[in-house]
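The letters A, B and C name the chains in turn, as written, and every chain counts its residues from 1.
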């Protein structure tokens, strides 16, 4: 039981990074970025390229993957989302689906569809107090916590973070206060790219690397964001951990192949019972 | 009349693909004065203010601030050029503390932090209530307190001209008086003020100039005292057919 | 060559049906359905399974329509009151749940191996190319019926109410239950057309597996609706044809770039779909045949 809880928290943390990324872009740009799944995939592959094809140690490759993905996100913003800045949010979310197609298939085009893996030594799991913990889980725990602290610090303690919260709350007023919206949006895409990039590497370490790896995270990530309340990155973290634990516990009663259905169930339940999420106040009906 | 701080001429503005709402408006605001725009509902007062602060790009005409053409600048650039703005609604960031709201109002316009403390103290002098609540969430403030905070935030970067969109709207009588007092005090400290106001009489008492906007055009531009003593003030204010005919171009 | 064109025409008709359904759900009623591929899969699998169980093909198709209508109504009942972006997430989540079910309930769906050997309608009447032409005739008939159905809904008072609800959120929220009922019915009507499309797909290919029902189906449909000018059924027809012609055209990419392997050529096509969708949104958001403007709502911003 405790083991399941631990596994659940760790897999929840895997969901938490892209969920923060999604939540940040959702808040500032006001549309759900369906390309988040292929961003995860692409981050994993950029790191894979540096790690396996060039031979850079994984830690450095992960950093390069994150930076590379931040660049990809900025390019997508410049080429796709900025020309559509004044469009309604349906146009933007359809556009993000277009971006999803482009990114996922660029990955297929460049790296093929075979299953790949990072160049890491397989180690025996550690045993603590009867719990089995492997190296990947410890890495996920450390990286995810560091990333969350960094995001918290940026959001709550820096001018950039204040500007991000301001644009997310009230873009017009933010403009009146001297905040350049496009610059803040650029920063948000950059941060989202970094988070999704690290998430991709962690997902790849935890499981396998293939072009669909990110797509499989789309539902849990959206479920986490909805559960935590749209545009609330800290709510999204809690949502992600709850979903990780729920998925893990579901294996007690459901076949493991249906783990992902837990995210679907949670989305349906939240939309039915508490559509603004656990911590949100946004108006979501119409 | 002293040097104008703001000159607007032949301004045209509207939304999306719709027609012009501001139809060639022109007026000026004197340095150091309080000017008040009045007009019937639908005259385009809010649209005018939005295009002045850069939330709406004018289609035609010019806006000159401190002798500089600022017509095409966006809101952040206009703010840096010395234009302060207090919107009527949604004028504070509700999920930030009072302190954060004030810091934010300063840092992106001044683009430095050295003067932050002095600016904050200056605003606390005018609105002492804000000082001992700096840690409270702005979203938890009452309407009047929120209005004070919005006013204070606009003052943080020390603007040369302050635009107020219905500063007394929705306030209890106690706060209305306090608000007009604050407007007067800020003006005496050297900030020129242009406001839209529904409480016409109270506003005119502290104003030097009245600007009457009807159907997107400035129909009259006169000393506030004349406006108050004008026999047709009611008609003017309500924008009846009479006035429209008299003032039409 | 005739065989090739027949096949293309049948593809066009199936995707035009999906576009027609989306045009009803999104174009008319303003309900974003990102999970079209899930409903499409349900239609195809129900028709396929029923036909394989010996049910006459027409009845199998009817069962498929009943299934997609019921599921559409249920999904709409849960989510019709939500803002567009939530609706998109909810419908996508539904489609993913369908995909999981198809992959995992091997006893019923064959899992990843899919369902081979689905019987075709009227297969004893003709064979070879003649059968292809017969199937084309069937598809055209089905499409004509669905098109007439959609057009009737659009011009009826029902369609007018839908558009009014779409344009004015305030009216929509004041009417509450009525709004919900209108939206659920519009979504279900779209679902019926997707059911027809799914049945045709299953009967034409005689083999279905979960990979045929990916998010690209949704992308096609959105491209067709946007290209055709959101809300217009005739525009949709033109949009669907031009999008399919463009996409089919990309099949010849491989001939010009022989250095690409099959996988690369396939991914290049999907990249082009994505790029096409984005370019359409940026440069032709009102479509080539404009009837309703996509940006109508942003007018006051």
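Throughout what follows, contacts are C-beta pairs under 8 Å (C-beta built on N, C-alpha and C of every residue); 3 or more make two chains touch, one makes a residue touch a chain.
The shown structure was predicted, so the numbers you read here are calculated from the model rather than taken from an experiment.
Please indicate which chain is farthest from chain A, where distance is taken between mean Cα coordinates of the chains.
Comparing chain centres, B lies farthest from chain A.
Based on mean C-alpha positions, which chain is nearest the centroid of every protein C-alpha shown?
Here the chain at the core of the arrangement is A.
With chain centres taken as the means of their Cα atoms, state the distance from chain B to chain C in Å.
Result: the chain centres lie 52 Å from each other.
How far is the middle of chain A from the middle of chain C, if each middle is the mean of its Cα atoms, in Å?
Computed value for the inter-centroid distance: 29 Å.
Cα centroid separation between chain A and chain B, in whole Å?
Distance between chain centres: 42 Å.
Please output the residue numbers of chain C that touch at least 2 other chains, ranges allowed.
If we look for residues of chain C contacting two or more partner chains, we find 298, 301.
Would you pick out the residues of chain B that each touch at least 2 other chains?
Touching at least two other chains: none.
Would you pull the chain A residues touching chain C in the complex into a rising list?
Contact set of chain A toward chain C: 31-32, 34, 80, 83-84, 86-91, 93-95, 97-102, 104-106, 108-109, 112-113, 215, 218-219, 222-223, 226, 255, 257-258, 260-261, 263-264, 267-268, 271-272, 275, 283-286.
Provide the residue numbers of chain B that touch chain A in the complex, in ascending order.
Touching chain A: residues 53-55, 74-76, 79-80, 85, 87, 90-96, 100, 103-105, 107-109, 111, 153, 157 of chain B.
Using the touch definition from the top, list the residues of chain A that touch chain B in their complex.
Per the stated touch rule, the residues are 159, 162-163, 165-166, 169-170, 172-173, 175-180.
Mind listing the chain C positions that touch chain A in their complex?
Touching chain A from chain C are residues 26, 32, 34, 78-79, 81-86, 88-90, 92-94, 96-97, 100, 103-104, 169, 172-173, 215-216, 218-219, 222, 226, 263-264, 266-268, 270-271, 273-278, 281-282, 285, 294-295, 297-298, 301.
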